[in-house]
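Following are the structures in question.
Presented sequentially are two complexes of subunit A, the first with subunit B as partner and the second with subunit C.
Up next is the complex of A and B:
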């Protein structure tokens, strides 16, 4: 059997797609929760209270310093061991990616807020805008504009990093690919290149439009 | 009290930490008057303007607009600020809105005037400052001088009782300074009440009804322009003016 035929044998392609769906499900749920929590974290990081700032900073740095894989192991194996709660791999993955995404989103939100120059606030106030009007019409639209390209970039990074979750037993697209390759090791020894190429294109089809979109947005907001 | 007095400053004090920036300034501006504030950098003139519409807390004295106190942090400030137009050195146009949207934001959202009426007025004001064709442009598509003229229109359209212009040409190329200051000169001629902080002495002389020299947080000299620029009363004024002329 030729390598590429493996892709279309039986329901192999469908299996890859369902693996891709697992990848997307983990990513999208994590990104969604991260956005909500990240905006809150970002807002917390801009307050003057030193204690709040310090806590946020520690959280951010701790999350960033440790590789995502370590986090996955800690949450997946660690929580089960220490509490006896049996987390599914997918739940553990969503927890870890949310912890990570929240930290990164928070930092982006903070950055977007502080990058709005003081004169934007002052000229809004000088026009007689109230606090709520100032934020609604002047500050937030600019913040969202600066934020969107970065959030999309973060999303593509998160989607790609979900490949790690196969290491805690989640059958996402990469894992499915590996299973297909292993099952056809003798019939089609060169299946690997084709399966991985197919996976490459799947990631590409999802991430490329996103990065084009974010680049467009970034250019527009200049 | 005198109906003609628009803004009255009584013994104003402003301190940043240890640093006394304004050390007891009293000042009255009448309706239709153009007052030009000059002085060396750091003399407190920009800070004074910022105190006048409550962008800065003050540590002593008072600011009254038509007899009503302007108080930092008070709710009444939002209403009072609608009567005080302010234009800044760095324009402060909102980059995500067109020039027209920048201009009609405050009258429509704050003053609740009809969008159509405000748009018409905005267009005629833009026409007047030579920006009739720029209404739909975004600020980033405009030159600095054009942006600053748009910012002036944005302050004018709320029909303020007084305009505060804070070094509005300091960030501009020399050629653009002229186009912006001509707009201001036009306002002065038509009886707008203004306090202008500037480093452009020729403009100060042409626009001012009264020139005030500040130094070290106090008023050093206050005179009509013809007196101030020809024959100032104080040695300090003479010295300050001499820094603008060159001879070899």
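Up next is the complex of A and C:
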């Protein structure tokens, strides 16, 4: 059997796709929660209170300084060891990616708010808009427009980073690929190159359109 | 906290940190070179090479490093290209980083305003002179923050190397957890090792960026 035939024998391709869905599901759930929490964090980072600001900043830097894989290890191995709670790999991954995603989203939201020039606020107020009206009609629409491309970029980063979950034992696309390769070791010894190339392009097919889209949006808002 | 355990095994961490740093630095230097070449190909729109560089940039930026490493380490031997784990790590990091660097350099080169190029041309500077004394100095200061961010990103990405059986920090930590079940100590040393590696660089880069921003204003 030729290596590439392995991809299409039986339900191998479907299995790869369902493995891909496992990582995608983790990233989608984390992105969803991070968006909500990140907006709150971003709003908290723009307040004048120095203590709140400092706490948010420390959170952001602490999360950012460590590789995501280290965080996965800390939550997956460390929390289980110190509290006795047995987290599944998937739960641990969602926790880590939510914590990380919240920090990054918060920073993006803060950046978008800060980037709105002061005269936008002032002219809104000069027109006699109330505080709610000012935010709803003037500030938020501009913030969202500046934010969207960055959020999409962050999402592709998160999708790519969730590939790491195979290292804490989640059966996702890389693990499924390995199973398929091992099962066909004697029939198709060169399956590995095809399987891993297929996985490579699966990620590309998901992330490339997203990055093109975000670039388009960013160019349009300039 | 079992201090004896830490005392006994911290040399392992130092050894694997040295490995991580060696491969990380090598990969980052290579990625700067690759990125520079790609950015120049795309900036001057050299036929064929422009297309290849653009395609490469998108491929490397839109796929995870771990998948690239698996392809290099487990896939390529099937067509007769056998790479050592160290070579895989270096090439993988350079492949990933090259795309990111190329994008950062290109945005720097693209930020030079057309009027500067026209002025250089009217002063009689040739292509190489324009690049050396007009484009590069401006592009460098624009690209620096993005390049610094890339360096930190790539340093953090080195944590994936254990997937291709390189005995790096993650590998050591996982090994110790598996063998002795001293999870807290193993993870603490892991965190400290990464802090020592990344924190100083991150601080230096922040200062550098602040300085550049002042100069531009």
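The rule is short, and it goes like this: the second predicted complex is superposed on the first by the 222 of 222 C-alpha atoms of A that agree within 3 Å, B and C clash if a C-alpha of one lies under 4 Å from a C-alpha of the other, contacts with A are read in each partner's own complex, and residues count from 1 in each chain.
Operating definition for what follows: contacts are C-beta pairs under 8 Å (C-beta built on N, C-alpha and C of every residue); 3 or more make two chains touch, one makes a residue touch a chain.
Values in this document were obtained by computation on a predicted structure and should not be read as measured data.
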Taking subunit A as the common reference for superposition, should the pair subunit B and subunit C be classed as clashing or as fitting?
fit
After lining up the shared chain so the two structures overlap, which partner does A:92 touch, if you call subunit B first and subunit C second: first, second, both or neither?
neither
Can A:152 be said to touch subunit B (first), subunit C (second), both, or neither?
neither
Output check: A:203 vs subunit B and subunit C. Expected answer is one of first, second, both, neither. What do you get?
second
For subunit A, which side has the bigger count of touched residues, subunit B or subunit C?
C
Return first, second, both or neither, reflecting whether A:67 touches subunit B, subunit C, both chains, or no partner chain.
second
With the two complexes overlaid on chain A, what is the closest approach of subunit B to subunit C, counting only CA atoms, in Å?
18
Taking the contacts subunit A makes with subunit B in one complex and with subunit C in the other, which residues are shared?
none
Subunit A partner, complex, touching residues on subunit B are 53, 55, 78-79, 81-82, 84-86, 88, 90-96, 105-106, 109-111, 140, 151, 154-155, 158
Touch list for subunit C against partner subunit A, complex
58-59, 61-64, 66-68, 70-71, 74-79, 156-160, 162-163, 170, 173-174, 177, 181, 183-184, 187, 190-191, 194-195, 198-199, 202
Subunit B-facing residues of subunit A, complex:
117, 119-120, 122-130, 133, 137-138, 141-142, 145, 221-222
Note: in the complex, subunit A contacts subunit C through residues 3, 65-70, 73-74, 77-78, 80-82, 156, 160-161, 163-164, 166-167, 174, 177, 181, 189-197, 199-200, 203-204, 207-208, 211
